[in-house]
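For reference, the structure I am asking about is given below.
Letters A, B, C, D, E, F, G, H, I, J, K and L name the chains as they come in the text, with residue numbers starting at 1 for each one.
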């Protein structure tokens, strides 16, 4: 494992409804979904960028905590 | 062990009800639950990201202390 | 993978309409589209620069969160 | 010993009642209790993250001093 | 690829009219155009300096976001 | 000796009564008492974390100076 | 290529008239013109110092954005 | 000598009475007194942590200058 | 070329009259003029310290932008 | 010589009477006087910690400039 | 050449009369004059410390720009 | 030469009377005078710590510019 990996930046997501989806997209030549995590209302997930994840997509009503502040997603 | 690991960022969780669950998700190609810790009301847990944990999920009513401030989870 | 990759800067994009397109352009001698991600209204995507992506193009009505602040794109 | 270990972050715990328990959880693939320290009322303990401890659990009425401020635990 | 490349600085360009041109100039002994990207009105592009690009020229009405602030280009 | 050891963080303890006890706990797989220092009223001790000490316990009425401020212990 | 090159400082130039000239002077024992770039009114150029360019000369009416602020050139 | 040693932190002690004692405690597995320095009233001593000293004990009425501020010791 | 060279500090000079002279003095055992650049009124030059230039002399009426602020030269 | 030595911290002492004594104590297993410098009234001495000096003792009426501020010594 | 040399600190001198003298003193065991530069009234010189220069002496009426602010010399 | 030497800290001395003496004391096991520089009234000298100089003594009426501010010496 790359030594710096444990010090990568993290974001936080708080689900405001059931079924919020956090999708990890693969780093590297191909950009594919490699993991999908479901959150129920009120749950919080904290996730780092990793060797395998260089992009994260959030679906469903949630608050996304980033270095730019809190970004509110909305459901479709 | 990676030398930088002891200096990884940490978060803190304070349980506001019994049975708050802190779930460590595995770093690496597969993202799976590898550890689940239960907190009773009033307990505090402080946890670093590690070589094995790159994401943390919190269920149940709790305060999650992060670099973005305190995020309140709520029970389902 | 380059060790520093996990610590690359990230941007965030919030779609304000369906069909917002986030296009990754290849790093290196040739600058080509290598990935296109579609966002529906209300979705948020967070993306790092990577070994393969050194430029990102955003089409459709969206908010782009960067170190310069939030830049509002508009649809054509 | 990893050279950086002596420079790891520390937290402080002040017991507000007898029998406050500070539990060190193991770093690594398995997350297990590896040490339990009891504090009597009024005692203070200062503890670093180490090669062996990547999470700390506090039970009983205490003040936990962290980089996020002071978190008050309460007894069950 | 140079490890530091993923951490190079980036600029952002928002097109205020169709046909805004972002031209990458080659690093190295010769300074030549090596890539031209067209933006339509309302599109945003975010671009890093790379091993191949050490200068960027913007033509057409646009906002250029740099560490010096926003520079407004105008069309000829 | 690890080169960084001389630059480890330190804390300070001022005894407010005779017999204040400062206990160094061992770093490593086992967490044991390895040193106990007694302070009389009015004495000050300044101590670094070291290769051998990753936790410090203070008993008796004292002021503990840490990066979180001054924490007052009290006697039992 | 020197790894640090992608992280060299950059300046920006906005042309206020046609024919603004940006001249790169060679680094090294001899200081010679090695590249001349013409900007038309309203165009912006962003340029890094490189292995080949250690000095930049600007002729014609323009705004030069530097770490010292904006310096206005004037035409002869 | 470890290269970093010359850059270790220092503290200062000003004696407010004759016979103030500054005791250096050994770094390493055993924590023993290895040096005792006496200060007369009005004298100032400035001391670094070293390869051999990881803890310092001050006895007698003095002002101890630390990164936490000035701590006043008092005589027994 | 020394890798750090592209990141050396730069100064800027704005000529307030024709014939302002910027003279680079050689680094090394001998300190000699190695390059002279003439600026006409209104021109701006931005120059780094380099492997070959460790001192710069400015003659003629100009504004010299440095980390100490703007220093106005005057003609003889 | 250790490379970092030239960048060690320094203190300054201003003598307020004749015969102020600045004593360098040896770094290392033994802590002994290795140099004594006398200052007359009004003289200033600026001294770094070195490979050989890890503690400095000041006797006589003087102002000692440290990172904690100015500490006034007094004569016996 | 030492790589860091291009990043050494610089000072600036503005001559307020003809014949201001800037004298570079040699680094190393012997401290000798190795270069003398004359400035006429109104000229500015910017000079780095180098491998050969560790001290600089300024004679004649001038303003010396340093990290401590501007120091006015006066003629004898 | 140690690479860091060119980046060592510097102080500045402004003589307020003729014959101000700046004395460099040797670094190393022995602390001896190795260079004496005389300043006449109004002259300024800027000097770095070096491989050979770890302490500097100033005699005669002068202003000594240090990181602690300006310290005024006075003549005997």
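Going forward, a contact is a pair of C-beta atoms (placed from the backbone, for glycine too) under 8 Å apart; a residue touches a chain by one contact, two chains touch by 3 or more.
Worth saying up front: this structure is predicted, and the values here are computed from it rather than measured.
In terms of their C-alpha centroids, the spacing between chain A and chain L amounts to 57 Å.
Mean C-alpha position of chain E lies 50 Å from that of chain L.
Per-chain CA centroids place chain D at a distance of 15 Å from chain F. With touch defined as above, residues shared between interfaces to two or more other chains in chain C number as follows: 3-5, 7-8, 48, 50-51, 66. Chain contacts here close into one cycle, and each chain has exactly two touching partners.
The sequence of chains round the contact ring, opened at chain H and continued through chain J, runs H, J, L, K, I, G, E, C, A, B, D, F. Here chain I touches chain K in the complex through residues 2-5, 7-9, 11, 25, 27-31, 48-51, 54-59, 61, 64, 66-69, 71, 73-76, going by the rule given at the top.
Across the complex, chain F meets chain H through its residues 1, 3-8, 10, 12, 14, 24, 34-35, 37, 39-48, 50-52, 63, 65-66, 70.
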